[in-house]
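Next, two complexes with chain A in common: one pairs it with chain B, the other with chain C.
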Partner chain A sequence: MMQDRPAAGHRGAKLQGARSASVHLEAISKSFGATCILSGVDLEVAAGEFVTLLGPSGSGKTSTLMVAAGFMLPDHGRITVGDRDVTHVPPGRERDMGIVFQNYALFPHMTVAQNVSYPLKVRRLPRAEVSRRVDEALRLVQLDMLADRKPAKLSGGQQQRVALARALVFEPSVLLMDEPMGALDVRLKEELQWEIRRLQRELGATVIYVTHDQNEAMLLSDRIALMRDGRIEQCGSPQELYRHPKTLFAAQFLGDSNLLTGTATSDGKLEIGPGQAIELPETAAATAGARYAALLRPEVLLAEPLLPGNDPAPGACHLFGTVRDMAFVGQSIRYEIACESPAQPILVHQVARATHSQMSTGQAARVSWDTDDIHLIPLGDGND
Partner chain B sequence: MSKRRTIARLGEYLHAGYAWLVLAMLLLPLVALIPISLGDSATMSAFPDRISLRWYREVLGGSDWQSAFSWSLLTASVATVISTTIGYLAAYAIVHSETRLKSMLEILMLMPMMVPTVIVAFSTYMLATWIPLDGRWLVISIGQGLLGLPIATLIIAASLRGIDPTLISAAVSLGGDRRQVFRMVTLPMAMHGILSAAALSFLIAFDELLIALFLTRPGLETLPVRIFDSVTYELTPAIAVVSVFLMALICLALLAGAVVRKVAAISEARVVR
Partner chain C sequence: MLSLAVILFFVGVTFLLPLFNVLLLSISDPNGGVSLHHFRALATSVSLRPVLINTAVTALQVTFFCVLIGYPAAMFFARLEGWKANLTGVAILFPFLTSSLVRTFVFIVLLGRNGVLNSVLVSLGVPGAPFTLLFNHIGVVIGMTYVLLPYMLLALIGTMRKIDHTLLDAARSLGAGPVRIFLTIYVPLSLPGVAAGAIITTILGFGYFVTPALMGGPGQRMIAQSVEQRILIMYDLPGAASISVLMLVVVLSTYAVAARYLGLSRLMRPQG
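Up next, the complex of A and B:
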């Protein structure tokens, strides 16, 4: 995946990700006094890949980005871009990274075009080339009409695009983005997310992106690195992280989850309560006697009213309970169904079809699922 | 209803009248200088018997007032350069350095404001004894620059504090070296503060009497010293002429500033449209 950078001086006719390189963070650790903020972060980003650092606040995602950008020097560890060791290279021309800051950090005394031309001017590129590439970058983010405006006269979304154009125009080997959507409203956010996705795929840029918004992370990323307490809890594609979280934290951070904890039995079941066992998929390969949590996402569950003629289907893949609460949220109906075990109510997100008979609070219900939708998370070793 | 409105309007008139009164009290003594400057006799009079430009000829044509004006321009300009550059460096250190000596530096920079000017004047006088006579004017500049330094430092520090540090991080990460970041980002953003600091230090230096008085000698007289001498020994309408001349200069400068700002605002608005 590693791509060679073209010889300096020669530049393609179009903005492109030909210069994008792989990034490798190895065993990065950093502490301030007694507080350890990064403890052994390992992350490999291939050239042209979009990787998001996702996590709650204080998990070290921004610190990881700052270390990658060179604004923070790690105590231990190594950072390589392509085959260059940049651990001790200060931020700037030699480190060659484009950064989009959370508050955009546009130069207020310069127009949009001047902001975007700054990285090229400091590299002393010929004037004709500067104006050509600025035009191109502005057209790329659809801001060519506003080239002569000052940033203060732009909306938040437009400012964000200027920051993006400015970080892309000098074709850095890596693009780093620190919660660039933090200050935008939801509608605009979604629009810009699609745009960033399109741009990144088009340019083939290597991107490391920081956010605490899981939907944003899933929409944008090739891979998500979920962070917790200064290290990476799990790294994988959005699907992998959502469907096969390795820990309870990962299961609970991404999306809503139902976790049925219990002990595996020798006949391939999970005993989640006295005399109550659910069937496990054949691929689960659970060790008999070990403790597990079975993850069932709310949208794979089916909630039905429990009627006399409505016999429980064979196979232990359902629970009985009463509807404790329900809410209509547009794309789905959300139920909270209280069962004997587990202690927490089961969450069900059900697509509201016309044929679907809505249940009301207090009604007896049956919750069922397909055994293959169960994902098992081993418990123990401080993993809860 | 209408009574209340009349009272309210009366209040407005009183308010406006008061404002005009204060303005008049501030301006009248200055305006009074104009008729005095137009007098014909050798003594000052607010209502001259004959209007003439005699003293204007005398002052603007006379070499000693001209040389005093030039000396003031020179010393004040050099003083401005001194206090603005040192003020910028000090302000940068105060805002960005992390040393513990920072607070010491801050106090040190404010020193010239706290020490009585006479003492500053005396110490520059002592300094001057080490310096050849030809360099005396430079000592005056140094002393006057010292007086402007605290305010220059404070103003520039305030404008440097107003620059978001992430802007500097961005400027660096986008490839600018130290000099480019200074020239293209820091300096233009601090320019407003630097210009204000320069203008104020120029005024302080131009206005300064004591230091120049300690160091004056035949052939080296700044305008305030010349005025002081003239009041002490001559007391002719020439002083009024000089005052009117200076006021006119300042009015012109203010007008020019207003025009520049207006033009900038208009061109900005045009760009937006």
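Up next, the complex of A and C:
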């Protein structure tokens, strides 16, 4: 309902992202007593870039955001915005960051317009300027019709957009968002995700965003910083993280995964079971004798019924097994196929085309793939 | 249904019936008929008017001082957590365990010409000390503020505890300084508590008897004392009843006005 409206730029919005600045977190550590919650977080966000801190709960993503916002002082490390060191600058005008809180933190005794005008009145802008910019900001998030409502009379999605307008209206150099979709239902979430993406691209705002939802992170971000145990496990574009995870944790956190572990052989194969080796891509450059996990995403696999006469011998780029379970989920059919090795059943997400014969539980099946779809993750240096 | 009947029965017998009796008494006639004779007498009474005014002024002054002292104290208490919060809760409720008579006598000891406070002030060489703090208006206001302050504190702390502190963080991140945050966010959100506390202290203060009787002078008579005087000294039960009805009307209309303009629902649900 929002996407088909004309883009904000054509609605005469004049909020500029020109003031957006780069943010640099350097070696941020923070402990509470004996508990270390951040241990050396390094993150560089370019001006106008959208970076998401993604991770399970307790991984330190919200703490990192609170340190960036200035609500939490790091024990060690430095925070710079543009070329200003803001490590010890308290939240407020000088720190100049717009924050969208998890529960939105709208002032319940003020109307939508009063909420949005708050940061401008604090800055003692002339009244005409205040009302002009409030109008613009509300038009930008399509809430101009609700300017005189109290927050309690708004839906969750509308409240979130008021919070966004309030954080953007004073044109901060950075926008920080802490799980802003947490309280919304799925359909609304997706709609607002597209909306935020559009707004951010249009305004060229620098955004640091926190979520535990991997799909949200991939949809919104230029880069994702995957967090684990108070540090950044891997940072890269959604594609990079999904296709080339550096660790088992990264591979398993983003999307579904099949991990075939084994030892690399001297002839460029990976021995995943007794007498069973799969071929590796030429680019893999595996060290013979070292342990690796071969990552195969469920959607790159092809599962087909094993017809009589087909050679059931284990091959270089296929496995044989029996269908243990299957489910139709709309965009794909999901199979769980039990093989001799690996011990874990292989997950296959197959696009449900009319021409495909659907397999049923108990049926013998062949799972095959293109060798180039394999991504190798080295094991044994403590990263699993 | 049975429990409801029991409740209605007890409320009826112990509360509504006597109240109805007082109403009847106030419109009774010396000859056994019905008349507004007693209310006419009240309206023309020269002695009652200053008492009524003094009562209202005292109740409002006491409310004012309860807010003045209670607000910062409640702000501090509302921020405490764990055992500290429990301890302050007990400390606030503790005075209720002693009779207000005893508490008033404590103040007589403290505030007398040779009392603790004046002794300290004299020994510090404060000019004008010792002050007359008893058996005058000041004494009544001090005593009643002390007695009614816990009600104000409880109302304020309850509301302040519910204030979401991320709102204060949000205001900070938007660039507001501490004074502005206090005035534009904290105070407005605590107002329902102030209103609730003010209504309680005003209404209780309006009908207060013990403290003005013990700590006030002849010029500080309050309306409850007039009721007492009519019953015990003049033995004018219908007269006492009519003053009681007048008090009831004043209190109920105060409450009605407060409920209308402050929003009754807001008093019940502070964050509403």
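Operating definition for what follows: the second predicted complex is superposed on the first by the 364 of 384 C-alpha atoms of A that agree within 3 Å, B and C clash if a C-alpha of one lies under 4 Å from a C-alpha of the other, contacts with A are read in each partner's own complex, and residues count from 1 in each chain.
Here, a residue touches a chain if its C-beta (ideal position, glycine included) is under 8 Å from a C-beta of that chain, and two chains touch if they have at least 3 such contacts.
Small disclaimer: the values here were computed from a predicted structure and weren't measured.
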Message = Please determine, from the superposition on chain A, whether chain B and chain C clash or fit.
response = clash
Request  = Return first, second, both or neither, reflecting whether A:P119 touches chain B, chain C, both chains, or no partner chain.
outcome  = both
Message = Taking the superposition on A as described, I'd like to know which of chain B and chain C A:F320 touches: first, second, both or neither.
response = neither
Note = Of the two partners chain B and chain C, more of chain A gets touched by chain B
Request  = For A:R166, select first, second, both or neither according to whether it touches chain B, chain C, the two together, or no partner.
outcome  = both
Request  = List the residues of chain A that touch chain B in one complex and chain C in the other.
outcome  = 69, 71, 90-93, 95, 97-99, 101, 103, 105, 107-109, 118-119, 122-123, 166-167, 170
Query = Can you list the residues on chain A that touch chain B in the complex?
reply = 69-71, 90-93, 95, 97-99, 101, 103, 105, 107-109, 111, 118-119, 121-123, 148-150, 153, 166-167, 170
Inquiry  = Could you list, by residue number, the parts of chain C that touch chain A in their complex?
reply    = 164, 166-167, 169-177, 180, 184-185, 188-189, 271-272
Ask   = Which bits of chain B are touching chain A when the two form their complex?
value = 164, 166-167, 169-177, 180, 184-185, 188-189, 268, 271-272
Task = Please name which positions on chain A make contact with chain C in the complex.
result = 69, 71, 90-93, 95, 97-99, 101, 103, 105, 107-109, 118-119, 122-123, 152, 166-167, 170
